[in-house]
Every structure is written in structure tokens, then in C-alpha cells.
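The same chain A turns up in both complexes below, where it pairs with chain B and then with chain C.
This part shows the complex of A and B:
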């Protein structure tokens, strides 16, 4: 009987220890499942958030690089943790990604692994782009066209830019082991085909997964409220909302522009808790806009779909496109986007 | 597949052995021809049997091909009057087969010989080359032989060009290249031919190894370049040489990339695609199927196919070392590459140094790696799989995103793959559970129903009350609002879920007795969770019975579930007995269907056995264990048992706890209800009783039901048992003392 039982003990041990893991909830995997359960069972977003503060950027930031990120339209993606990613290997990554792009662009043709391809890939860190010290360093990938004549060694035109960041990503950081680097938010600017090639390389190399990050109307109204609440020295753009009415043959778009100071005044009238935004305040803010619009045009905007919000801080489209305008609130905007990205990958 | 190849081989052998005797060959060919005409006539008559027709057509093509090949091999017979016609016919045959299925290596060998030997004109040679499409591979010998023909000088320049183009196009399908590489010098010498130069360059580009790069060759290439100018094909070869031995070439090559070679394979492009698909789609061994890199149409950038291709090259791992050369990436560094992993013994030998796939999702398609996943303790492996799987599920899910309905069969196929893996591992993935939480509230209960419910049945064991609001509450909403068939599928899937949980727990409890685990208290928790699941199904069943008017069909599925429940103590060695709710028991007991009654009897018998076993164990152990069943369970069982015995045996149904107004009974004209419920009068068994009486006493004019008692009663019992009511038999044997025959 003993001899019969013996070979069976190995798989059993395995199963039972996993079961124990379950009860202790010790493994990262368990923690992940726990957090998914929590997320699914309660309201998906916490009822209150902080109003973006003037970014607590560190001293060592490169202002030029930050300026480079502003006033560009970025397409948002969520990204699962990168496996065995290392900040010390940027040179190697540039070389490999360069070769990969060359191979993809010339599929079926002879490919050479030298670096005499007319593009250049640059990896660089975005120092100081983080919410807390625990957040991993953000980094930037750029593709430059190399000038054709070898005599000109000036940098070429930027063909494509993408960057990876994690601002206040604590909830995600807790659930992975140290082999992973959590940069859940990826922003790309440039041709979609390039994004595809580069994304594929990252997926193959670091076993991660990119998914387009759309922003639903619920989150757009949160953005509207939070960004209106930001204190600005001077306003650069009007506050504008865009609603879409699904009707045939063509959908109808309703644009609603407000003077930013009026919007701020409206916000101040509904705002109670200092430094924070609550769900009730967001709802109230939007309801005020709706009723104002209804009084004038007899249209219930609440029955339509909010597709775009633009303020002086940033503008966001439901397709997952964002443009950040204000340097001061960059971190605050990214913190909320990180939160949305983490929600999507859980 | 392999059988067909055997046949082909034997035919090829026959051909070579009979090669000396042309008369015989022709005779056999004639015979084949005769067979052909036979099969033709058969297929004409037997049109109502498409399968047979198809087979005949295949045989027919095969035979015709053999004839055609023999014809080409032997060359045109001079005496034949209609030479052109025959040639045309055979050429057509070869073309048809080649474009449809490709040619076997032997066939290609023959055709290469024919095309390069100059037997036919160049127009025929061109046609032959165009249809030289391999079924699977091309043997290296054929190519070497073909090259030797080039030296004889029997073929025209255009044929030579065509040969090189063909060789370049088919390069990947040649089984070995060592001997071809030995001919490097010959090919290199052919560069001098201006017409051949571009194609030879391309061939050399594919063929060149580091040791082929020699100073004299570099000189020759530079000479050629000086003579002909900057030709892209020469540049290609030069830059390759420069890559291998940078010191030899000091000439600067232009930075800008050009298209080096005109796409010389475009003559065969579509055919080659078909070959590749064929080679990958229908591999001879099942293991290869698992490893095949099937790329469907590139749909979006995220994924070529849903599941990533198995690929062990991990850039990130090696990138730490500085100054890596490309060739270093291809050389092994002590770890075992996945591409070579083909068998279980190999896995065992190399499990310590296995190179993991660069994308963990690839394990889903590889049973060997699933073994590995099952025993690996590395959390990062599981996390990688978790992330990939949960993201892919959400991305692919048809109903999860709006406007995502176009993918058709892809998502169900993906779910099937996952289910296959879960079934193989006998364990659910956490990502699937998380996916269910997110997607079940949005599910219409129709799309991918069978796959989705199977996913539910593989939910890893967990606390029921925690999962209930996330999952089972949504499921019950769907359950109550859907058809009876959906209800039955749900019950079926919950039965499988229960079984999976029980198996898992039974392994766990077994370990505890061995290891004296500190987690003793959790067993109570787990049992509580299982019993909650059973109560949940009980609640679903009771309500569903009301909704579906006590449908027999539904009741079958419910009782199937309880067949698992009643045996938990004995079958899984877990201290749990949960009885069915009255809402299930009474409809089953009073069902009009004898198989339901029979199943109920079987379940009651198993309950009895489990409860007695539990009681016995308690007495043996003396010490009151934590899991002694409450007396309530026994009371409940005894109550059911009394009701059953009353209804089936003693004709004293519902003595306790049930009062029916006599007036009501009188109105229903069953005042004598006491005798209306026993083995003879029970509505499910009445027809048996009638048949029994008619069979035993066919001459009786009136069927007298109440005559069945005493000896007749025993005969009747035997009759029932012989009719297949085995559950009833077990129940009566164990629960009723035969002395109490009414």
C-alpha cells in the first residue's frame, strides 16, 4: 500500500500547498486576485480623489524633456508589468529595437544587422517623473530619422515617440515580485504602424501586454471636474465639452464651450471639501452644466454621450487620446491616467 | 497520411527496381490505367457516395501522376504519333497535382532531371519548373544532381536562370544544405555569367557561411563591381561578407538600405504559402501540431495569433553582457532551447536548465510546458501567464467590448484552448476567474455558452460567500430568466465545479493527515464553503422546479448533481453530508417518471451508506471530532426515509407533518389514498404493475391491482428489478426489512 501511495505524494503536495497559499493569501498572484475581487465587488472608482497639486517634481528633472511632452497628442495604452526589464541596458535595447524595426519594415527582404539603417532608436529615462519614491523611473523611447549624409551628424527628425510611466502606482506595485517593472501607462505619438512594431517588440522581449486605454464618459466627467478645480495663473484655453448624439444618418456633435473662469466659479460653488473632489461634487458639477444647457436649448445632455473634455490643464478624448497643456499639473493628470491604466490591467 | 507516403515510396522503389526493364514499367502503367478507367466508371455510378468518390478521385490523381512521371522519366517515345498530345496531357496532370497537393521528393527529383537534361524544349522546361512545388521537402541529393546537369551544358541560359530562381525560392524547403554548401565554389564561379549573376548572388547570400568568405572571393566581387557598377545584388553579398569578416573589406558601402534582390520567388509565391500552410496545418505527429507556429492573418498589432508563438530567444536575459555579437544570440549557453523540446523524457532531463518562452502565453499550446507550469514554484512564471491571459481574455472577449463582434470563431477557439489546458492541468487559472468576475455581469447567457460555463466549472476552490456576489448572484439572475436548457447546462456546470472542488479538497485533507499541517482550522472553512455551494444549488433547483412545472428533464439534471453530493463522505473522504431540499425530494418522489424515482432511490441508498459510515467512524474514533454531523442531518434523512418507505412499501404515506382535509380527498375521489401510494399504485410504477399482471396472468379478464401482495408482491419486485430499476433494488435491499411485507 505504501509503495502505491508514494508516487502520488508529489502532485498532492503541490496542490495542497497552493491551497494553503490561497488561505494565507501570501503569493503575489493571490494578492492580485484579492484586489480584482475588491475592485469588482465595490464601485470601481473611489468616491473621492485629490485635486491635482502643483507637481512635486524633483530637482533633477530635465525641463526640456518635460516641455517636449506637452502640447502633443498622445494615444494611451495600458501595459502589464515588464518582465526582466533593466534600466542599465538601454544601449542594448536601442540596438535590438533598431534591428527589429529594420527587420519588420523590410519583411521578406535581406536584412543586415549592422547599424547602417536610416533610423536611430534612443532610450532615455525621464528623471523625476514619478509620484512617490517607490514609483519606478519613467522612460522615453524615440525614433529619429538619421540624416542621409554621413557628414551631417546633427540629430534627425523625430519620427515617433513613446513613453512609459507610473505615477502613484502603489496598488499595482504591491502585487508583483521584483522581477517585474511596473509602468502601467504608455503614451505614444507617431504613426500607428510604428507603435505596432515597437509594441510588438516590447511584448516579445518583456512578456508584457499593451491594450488601448479608452476613457469612458464617467471618467471624462471626473477629469472635467478635477481639471476645472486646478488653480491656474492664467488660462490658456477655454473649457470645452463635446457630446455625441447617436442618430442616423450622421451622429450629431454638441460642443459646449465655457469661459474657464466661469467654469471655475461654478466649480467653487459646488465644491465643499478642500483639496478633494468627491463623486457627489462631480455629479453636481455636471448636472449644473446640463440644466444650464437645458434651460437655453431644451436638450437633455445627460441623455447623450460625453466624448471629449478640454480645459487649460489638459484635454482628453474618449478614444484614449490626451493632450497635456499645463506643465504644473502634468504629474496630477498622469496620476489619474495611471489609475485608469491599473484598473484596466487588473 | 503516412500510409499514403508508404504507398508512394513503394511505388518509387518499384520504379527504380524496374528501371532496367522498360517493358515491365509500361505494363504496370497500363495496369494502373485500367484501374483508373474502372474507378471512373464506379464513381460515375456511385454518385450518391461522395466520400468514396473523393477517395477514388485521389487514387485516380495519384495513379495518373505516376504515369506522367514515368513518361517524363523515360522521355517521349519516338514511335508515338500523337506525341504533343500525350505530353500535354501528362504535363497537365503533373501541374494539377503539384498545385493542389505538391509533389513528393521523388517526383521533384525526376522532374529536375527532366528539366535540366534538355530532353524537352525550353517552353516545356519552364512549365515543369513552374509546377515543381514540394509537398513537404526537397531532398538535397536532387539539387546536387541538378547542379551537375548545369555542368553538362545541355540546358539553355533561360532554363539556368529559372533553375536558380527556383532554388532561391525553394531554399527553405531543402532538407539539408551541407553538400550544397560544398558546391559554393561552383556557384561563385557562375557569377561571371551576367544573366545569372543576380540570381546566383541571391543564392550565395542565402548560402554563405563565415568560412566561405575568402580574400580571393572578395577581390573577385570587387572586380565585378568595378566592371558592372554598383549593383544591389553585389552590394548585398559584399555587405554580408563585410558582416562576417569586417577586416577584409575596407570599401565603404552606402548607408541607405535598398531592396537588394528582386523578389525572385514571386513565381511560386502563392504555391509556397500553400505549402507552408500544409506543412504546418497537418503535421504527421500530434506533438508537432502543438508546436506549429500557425500565423493566421495579422489582425491587429497586438497579436499575430491570439496565442504567442513559442520562442525561447530571450533578448533581455542576455542583454546584460556587453559587446554581444549576433552570432552569440544563436549559440546556446548551456540552457535547453524550447524548440528542441519534443518529448517528456527530454523535459525531465532538462527541467533544471529549461529556457522559458519569451512570452509565457505560448505554454497554452504546448502540453510539455504545461507539465512544467504545473510543478514550477517560480511565482514570476505564473504572474506572467496571469497577466497575459487576463489581458488577452478581455481584449478578445466578444461581448466585453462594444463593436467587437467581427472576430467570429476566434474567441470560442481561444476559450477551447484554455479549457483544454485547464482540463490537462486539472486546475483553473486565476486569470480566468478574474475574467469571469468582469465579464459575467455583461454576458447574455448565449454567446460561447458551453465554453463560458466550462470556465465557471474550473474556478479554483475558494470561499463561496466571497465569490457569490461576484459570480453566482449574476449567474442565478441569468438562470431564472433563461430557458430550461440553459438551466440544465448551469446545473451540469455546477456539478462539475463541485466535483473539481471536492477532488482538490480530498487531496488536501489527505496531505494534512500526513504532514500534521497547522492549518487544521481551515478544513472547517472549506467544508462550510462546499456546503454553501450545495445549498446554493439546492435553492436554484427548488425555484427552477417551480418555474418549470416540475419538469422531468430538469429533475434529471438536479438529481445528477445530488448523485455527487450524496457520496462526498465515502468517495472523497470529506466530512460532509448535505441532504437535498424538500423542493427537490418530494417532486422526485411523486414523479410520474420511473427513472426519476429509480435515481432517487439510488441517491437515498448512497446517503444511507455515507451516513452509516460517518456514524461508524465517529464511534471508532470516540473523541468527538470537529466534524460530527449534527443530529439534524440524521433526523432529516430519517424523515425522508420514512416518507419513501410510506409511499413505496407500507402504503402509509405522510403519516407525520402533513394533513390533508378529508373533504379535499373526497372531492378528488381518492378517499382511499392510503392504498394509492405503494410500489403497485405509485404513478411512476403503475404501468409496470399492469404489464406485470398482464404478462403473468394473461387470461385474467380484469386487471386487479390490489391482488399484488404476498408471494405476488415478491414476484412483482423481481419483475421490477429485472426491468432495470437497480436503484430501487439497492434501496429496498438496504432500507426495508423484507419481513415487513404488507
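This part shows the complex of A and C:
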């Protein structure tokens, strides 16, 4: 796909491309239609990908700032571009969202009446959470409970957190006009009801659409390979895989745990080109694990479905849940998830 | 050894035989049942196999069409098909082999990328069909389609041969895809 991104991204400069004449003066809608048409006929996933490195933009940001994003389970959604969203109107948005949540809770079946009106919504920007300069700034929405006692000035407990980001979202940014803000990845932590209410408000206000982002087994094996490839100083967790065997009456789960250094050693023996991960290497890595398991237990893991991958860098579940453990590779993990979200939108 | 050849046996009178190869026993069985229910002027014979080579001690009629079934949810089925392909003679690939990929509907369960199967079909110059064999209606439609293809491959349809059908089924490809 990289070789086809070039004509799209520099339509005016690429002289040898046959698409050049088509793209000069093409409206964003035409570009989008062309990219959608191409997606259906070409390989959507690149045969090789960069191993997530420390993004240069993240270097100058204090890792403590993003510490609250780690070690939490996030549910993933893909989000279509927001219409007429502005970073300067955060106070306005907080006010409106607060009112909306209060109204929803009022007409809902709120049992604890007292607590529900003591919430506060805060919008804030997450500076530095981007892959390239072109990516829009990530922002965070938090629902806090206001402290009951007036003497306490500190912020209440965080009830719900959600953040929107876009890391290396060039393929989407190309095809969208000025009025839209592209933040295709949405991560939420907290009660499902809150996520639904906030989602409804955003959909009404900015004419966008949320969809849960499921991660299929193919992408999970890519994640396993990429995260095992990451160089770590010390390993916090064992590398673990979980497979679900489809059998009746209830499915069987197979869990396979490997010492992280052994997994890294296996990856190093498979890995050839430095700095890149190819489809063949991922397949070979997984095949080694499958054949080892088969030799001992005579079970073909390749006939089952990979459901969960857990490494020292991050852990991902097929239902679209992710937990990031290492701040060094935060951007790398998010870049891959952004790619999946963009692919789902398109 | 026991390589399948298209013309090493004489054809039976008004008989058309199809061989379905794949690891998904239940799905193959259901597809076979759906095919046998179809109204057809020729006498249909459906053989099921988990993998090739077929045991040589059995007396079987000439095989007119081989369909390799790959389940996109299971890498094991893809490996199985890849290994079975070695036991098929090259002349079979002149329109008498087809690939069927099932399970594309449930994207979240897929462990093989769709394009892996597309590449496989292109390497063997054979048509690739997509069908969710778990869904009854799609299975019935696919059964109908396979019966028509089988009749053509067995030579029961006048003035259309397997090779004609193959060239009709090749979709108009982008020239750059030939590089795959």
C-alpha cells in the first residue's frame, strides 16, 4: 500500500503516476471515493511494517504526563471525522456535555439521585500525542465527581475517561476537507452507560459515528510479533496467548504462556530485515509456536481462534480491549490501532 | 505417485463427479447435501476428502471438478489445502479446479487475510469463490453454482468447455496485480 500512497499524497508532484491528471483539482470527496475504490482492489495491509520506535515528538514530552493512560483497560472505538470541532471551545463543550449528561440521567432510571448531579465534565488537550505534525491534537474527556464538602478544593474521583487521538493518520487526513477534524481512534475507560451517553452527544453535535473496533486474529498475531520485537530493558509480564476452540457445548480456552526473553529470542531468530516486520516473519513466528504446541499436545492451534495476546508492551483482546503497559512504545501501539480504526472507517 | 489426473479414467455415462477437499467436515457435508438436492439432468456424485492424496485402493469414477475449501478462520485449513495442491496434476488447473473461501462474513474471527487466498487462487490461475457456508441460503446458492460448473466441467453442457468457463470467470484484473 505504501507504493500507492505516494501518488495520493503528492498528486501535484508525482509526474510519472497515471493518476496525476485525475487528482489535480480533485475535491476531497473525489479523492475519498478513489481511495475507497482502490482499497477494494489492492492489498489493504502492507506486507511490511515498521517496528514501533520512540516517536521523535514524544521525546520532549514528560512520560509522567501520560502515565495515567497506562495500566488501564481501554475499550476501542473507531470514529468518523468530526464536523466543525474546535479546540478553543472546550469550556462550551464541557458545559453542554454536562447539561446533556444531567438531562439523560434525569430521564433515565438513576437510582442514586444525589450523586448524579455532582459530576463535572472536563475537556483537555493531550499535547504530544501524535505521530507527525499533521496529526490533529489528541484530546481527553473526563467525568469527575465533584467533592461533596465545599472545604475540599481538590478534584473529585475520575469516574470515566475517554480520549480521542490520531497517530500517523495520513491516509485519512488526505481525503478530508478543512471543516473536519480526524481523530479516528477513541479509547474509553469506565462505565458503559457513560460511554453510550457521551457517544450520543458527540454523534449529535459533530455528526460523526462511533463503531466498536474489534481486532481479528490476523491483526492480533501482527501485534504479538511487533510487540515481541520491541526492545525492552526489563520485562514486566510473561508473553501470553489465549486461543478459543470452537466446540460444542461450550468453547474451550487454551492459554499459552512463554517467558518473554524466550519469545524475544525466537523472534530474533526469525527476524531478518532490521527495523521492519514482514508478513512472512509474522507467519513464521506464529508457526513456530503452533508447531511447538502441536509436538507436545497434538493440538493444531492454527485451527483455533486467537483471542488474546499479552506482552510486556501491551495486551489486546479480540473484543477491542487494550491495555498498554510501556510508555516507551505507547505511540507505536496507538499507531497500529489508528491504522485499524482508519481501515474500519473506510 | 497418486497424483490426480483429469483424463486418466473414462467418463461414466451421464455422470458428473465433484471432489470437495477441506478440513471443515461439517461444512463440506452440508454443502454436499445441498448440491445433491439440486435439480440436475446429469447424475451427480460428490466425494469428500480431508486432504490429498486420496487412498488408492478405492475404485472411484473420474473426477470432473475439484473444489478446495479454505476456512478463513483457520490457518490450518489453508496449510492443508496448500499441501494437497501438490498432489494434483498441472493439467487439472485448466478450469477443473476451483477455490472456495468460507467465513469472510465474520471479519472478527478471521485469522487469514483475504488477500492470501486471492494470491493463492491467482498463482494457480483458478477461480476463487467466496461463500459463507454456515448460512443456509448462501450455501444453497453456492451449491447451485457448483452444480452448473460441474456440468460444464464434465462436458454435459453443449458448446461450453471447462476452459471456456475459466476464461469467462477471470475477472478483469488491474495489470499491477499480476506482479503478486
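Here is the rule we go by: the second predicted complex is superposed on the first by the 301 of 346 C-alpha atoms of A that agree within 3 Å, B and C clash if a C-alpha of one lies under 4 Å from a C-alpha of the other, contacts with A are read in each partner's own complex, and residues count from 1 in each chain.
Everything below uses one rule, namely that contacts are C-beta pairs under 8 Å (C-beta built on N, C-alpha and C of every residue); 3 or more make two chains touch, one makes a residue touch a chain.
Just so it is clear, the model here is predicted, and its values are computed rather than measured.
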item	value
First (chain B), second (chain C), both or neither touched by A:205	first
Partner chain(s) touched by A:305 [first = chain B, second = chain C, both, neither]	second
Partner chain in contact with A:254 - chain B first, chain C second, else both or neither	neither
First (chain B), second (chain C), both or neither touched by A:221	second
Touched partner set for A:318, first chain B, second chain C, both or neither	second
Which superposed partner A:92 touches (first chain B, second chain C, both, neither)	first
First, second, both or neither for A:179, with chain B first and chain C second	first
Chain A residues touched by each partner, larger count belonging to chain B or chain C	B
Doubly contacted residues of chain A, that is, touched by chain B and again by chain C	41
Residue ranges of chain C in contact with chain A within the complex	23, 73-77, 79, 107-113, 115, 174, 177
Residues on chain A engaged by chain C in the complex (per definition of touch)	41-45, 214-218, 221, 286, 290, 300, 302-306, 318
Of all residues in chain B, those that touch chain A in their complex	205, 236, 239-240, 243, 253, 255-257, 259-261, 263, 300-302, 308, 311, 314-317, 319-320, 324, 326, 358-360, 374-375, 379-380, 382-384, 386-388, 390-392, 394-395, 427, 430, 433-434, 437-438, 460-462, 466, 469-470, 504-505, 507-508, 510-512, 514, 517, 519, 522, 525
Footprint of chain B on chain A - complex, ascending	9-16, 19-20, 22-23, 27-29, 32-33, 36-37, 40-41, 80-81, 83-86, 88-89, 92-93, 96, 102, 106, 108-110, 112-114, 116-118, 146, 148, 150, 176-177, 179-180, 192, 195-197, 199-200, 203-211, 345-346
